[in-house]
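Chain IDs A, B and C follow the sequence of writing; residue 1 opens each chain.
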Amino acid sequence: MKVPYVIDVVERRWLTVYVPLFALLLYLPSLLILLFSFNDGVYVAFPLKGFTTAWYEKLAANDALLRAARNSFAVGLFAATIATIAGTLGAFAIVRYNLRIAKAMTVLANLPLLIPAIILGIAMLVLLRAMGFGNSLWAIAVGHVVVCAPLSLSVMLSRFVDLDPALEEAALDLGANERKTFFVITLPLSLSAIAASFILCFTTSFDEFVVAFFLSGPEQTLPLYIWGQLRFPTTLPMILALGTVVLGATLALVVFSEWLRRRGPKVAMD
Amino acid sequence: MVRGDNRLGQYAMLAPLGISAVLVVLVSLALILALSVQRTDPALLFTEFSLTAYRESVARPLFWMVLGRSLLISAAVTIATLLLSYPVAYFIAFKAGRHKALLLVLISAPFFTSYLLRIFAWKIILGFNGVVNSFLKTLGLIEQPLQFLVYNPFSVVVALTHAYLAFAVLPIYVALERIDKSLIESASDLGARPFANFRQITLPLSLPGIIAAALLIFVPTVGDYVTPTLVGGPGGIMVGNLIQSEFGKANDWPAGSALSMAVIFSVGLLLALMAGGAKLARRPA
Amino acid sequence: MKWRNKVGLMAGTLIGSGLIAIAAMAEDQLNYFTWSGYEVPDLQKTFEAQHPGALASTLFGDDDEAFTKVKAGFKPDLAHPCYDKLEHWKEAGLIEPMEKAKIKNWDKVFPIFRSLPGVEDGDKVWMVPWDWGNVSITYRTDLIPNAEQSWNLLWDPKYKGQVATIDSIHDTPLVAAVLAGVDPFNMDDAAIAKVKDVLVKQRDIVKMYTTDMTSVEQALASGELVAAMTWNASAVALKKQGVPVEYMTPKEGMLTWVCGYVMIKDTAHKDLAYDFINARLDKEPGQWLVENYGYGSSSKDSMGAVAPATLEELRLPADPDAMLKKTIFIETIHNSDKISKMFEAVKAGG
């Protein structure tokens, strides 16, 4: 029997129009970045001046920019992974167990969102120095875990709040211990939330630069590099080329994995 | 059924979160609280107790005006982002079937280019010779380019809204995805028309996701200073810029800390009031 | 399910950690904290030859940010702030003076920079000036024909919304002070109030307060801006792209800035630091600076090595002594904190 979501005929049409428009809005800046990365002119303004791949060649030769991009990826992967783990475990403990400090914990764990980044940056620099660590990429990674943890917590909390404990209880009744239940029942049912948390954390870390500035040593992250290059107008098109490459690589990855999925064995999806 | 009494294990699950977020938060708050009640002295950080920082920086009409402006901008960004993103999250949760993951990644992909690059792109879109102006000119609707699209609060709202779209889609999607479809089905069986069905079943059930999204968007945007610096113009300065300049140019850390405490307190109060208001609203009539 | 998740998580962390570990800094390096763009290999050929791999540069985009970071605890070996901030660094106890005797190229620096107040201190030196440049107005000659050669152009209501000015305390407020008729470097409260009035008048005219020269040059190229306060390199770059601009010589005088090296207190790498500074004062780095970034070098040899035609195009004299008699040199700004707050208030609308 047809399940009548809100989408009936009229709304189905409306959404079919809206979603592509949304996608256009979403990708508009990226399309412009793509466009101007091939523009034969230093200034990113209309009218266009002609086609060139010079910026990409300059990009390939620019060690500092490529290193900064690589650093941002590494830091992002690390921060997203650790923050997601921390958020998942924490959210689960808060929702499922009646721990007394749970409420206080939730509030405190969300505070990094509230505290201006410059304060977080200075405080973490002071803290790390006091513990004997120096400025480095590791410091930035740790800093980004702190910045991203509230994001992960938020997403995972909203997921676990909705998760019916009956499934876990059934497993426990059937003899599984708690750890097994967590890994075999809870986590698989929360995969989309975990993925969402990971993506959000990675995106945040990739763009974050205030905390990164205070914790950075000789190795820069991409936003720091770009911010520092704003005094040099001639480098902007090369950075646009980098942005296009990153976007292109992401989309290529997506298309490739979709192709893999279609070729793979048919699995029942939830 | 009793969950194990493995209290130690349970607390251990909180540990990673505790160490990272709580420790740093407590240190940060302690630091700015301590700094905010210091007399300004370029040579030393901690000299003597004094409330000058609060008196001179927080008790100024300028600060409250800028804070008010920041809160309005953040509210506008939050509302715009939620409105724009909800239908898409809905679409992915209910209509996308096997393509859910693909669509989610496609939604997130544009945000893997640097935010700074995207702001430059918005300057091209909204700017003098930009996309919007060229478009309107070719349509013959305007002769001179519109100058009011960028370097003002409007462009700040646009840039921030765009930047946070993924931050709304993902949490709302997570909440929507788990709604038990049978609830919607039964409501329909009982005669509810689709929109009423949505309003009374789906929307309330997706509320945790909406609230999570709203918090993730509203709170950080209040303190943002990068966007106003790049596209805000003189009229778009937000409270983050004030704090930034106290720590940087004005070399007045106590003032910066006092401003930060005031911002944290105000936003926290606002959130608490809204949470309280929501609780009241949910009480049965 | 379980093992797949675990593997995924492990993989993510390992990849991340691995990449970060690769990027970790080795010990025994000179940490040079400087402007983005000053760390390029072309500027350290001599030093690289002497001490391969010994240079690690941490970058900043603004010396106010740099000061905040060092004050918060970051400890490089050398930093590269500008002269007007020297007193701040000294007062905060962040730097120590250097031995003049160890800077063998000290005499190559133009006398006018060596003799700046606060730089030399007996046989010690607080800052080694290295680069300098001018601040003036770049304007479109086709959109403003016969422009009056004065800073007042940035206050002209005719160009409302088409003008930009630099968002920093050692530029715009100084010009405003000059126009208000007060001494920019010794302002008391009454003077600050006067300057505030001048700045408030400008706020309605200005489209943006910025240090983002990328956007400014773009806007000048497209005509969105007709005039902007910029450094000398911008006018040259725009001319190269065929945009009809001119770099003004205002009757009140251009502003001139100078920046240089300071040694952070208790650094462990003093010898490396002296080698670095001496290498930078050689002819080639300064020459590269002029030819590539359009800024002036503090070294006589470097300026002498640049072709006169290039200097002419950049509006730089071979001898800053002559020029600096006609410009407003950016020296220590007293009460800078109060002026900062005033400027922020004006920008924010109060």
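Here is the rule we go by: a residue touches a chain if its C-beta (ideal position, glycine included) is under 8 Å from a C-beta of that chain, and two chains touch if they have at least 3 such contacts.
Remember, it's a predicted structure, so these values are computed and weren't measured experimentally.
With respect to chain A, maximal separation of chain centres occurs for C (centres as means of Cα atoms).
In terms of C-beta pairs in contact, A-C outnumbers the other of A-C and B-C. Chain A and chain B have centres, each the mean of its CA atoms, that are 15 Å apart. Chain A and chain C have CA centres that are 34 Å apart. Between the CA-based centres of chain B and chain C the separation comes to 34 Å, rounded to the whole angstrom.
Counting partner chains per residue, chain A shows two or more touched chains at residues 44-46, 82, 85, 122, 126, 227, 236.
Looking at chain B, one finds that residues 120, 123, 127-129, 247 touch two or more other chains.
Counting partner chains per residue, chain C shows two or more touched chains at residues 65, 68, 212, 214-215, 218, 222. Those residues of chain C that touch chain A in the complex are listed here as 1-2, 5, 9, 12-13, 15-20, 23-25, 29, 31, 35-37, 39, 56-61, 65, 68-69, 72-75, 211-215, 217-218, 221-222, 234, 237, 241.
Considering their complex, residues 41-46, 64, 67, 70-71, 73-82, 85, 121-122, 125-126, 129, 134-138, 141, 183-184, 187-188, 213-214, 216-220, 224-225, 227-234, 236 of chain A touch chain C. Every residue of chain C that touches chain B in the complex is listed here, in rising order: 62, 64-65, 67-68, 71, 88, 91-93, 161, 167-169, 203, 206-210, 212, 214-215, 218-219, 222-224, 336-337, 340-341, 343-345, 347-350.
Of all residues in chain A, only 3-8, 11, 15, 18-19, 22-23, 25-30, 32-33, 36, 44-47, 82-83, 85-87, 89-90, 92-94, 96-97, 99, 101-102, 105, 108-120, 122-124, 126-127, 142, 145-146, 149-151, 153-155, 157-159, 161-163, 169, 172-173, 177-178, 192-193, 195-196, 199-200, 202-203, 206-207, 209-210, 222-223, 226-227, 236, 239-240, 243-244, 246-247, 250-251, 254, 258, 269 touch chain B in the complex they form. For chain B in complex with chain C, the residues that touch the partner chain are 40, 42-43, 60-62, 65-66, 120, 123, 127-129, 147, 151, 229-230, 233-235, 237, 241-242, 245-253, 255.
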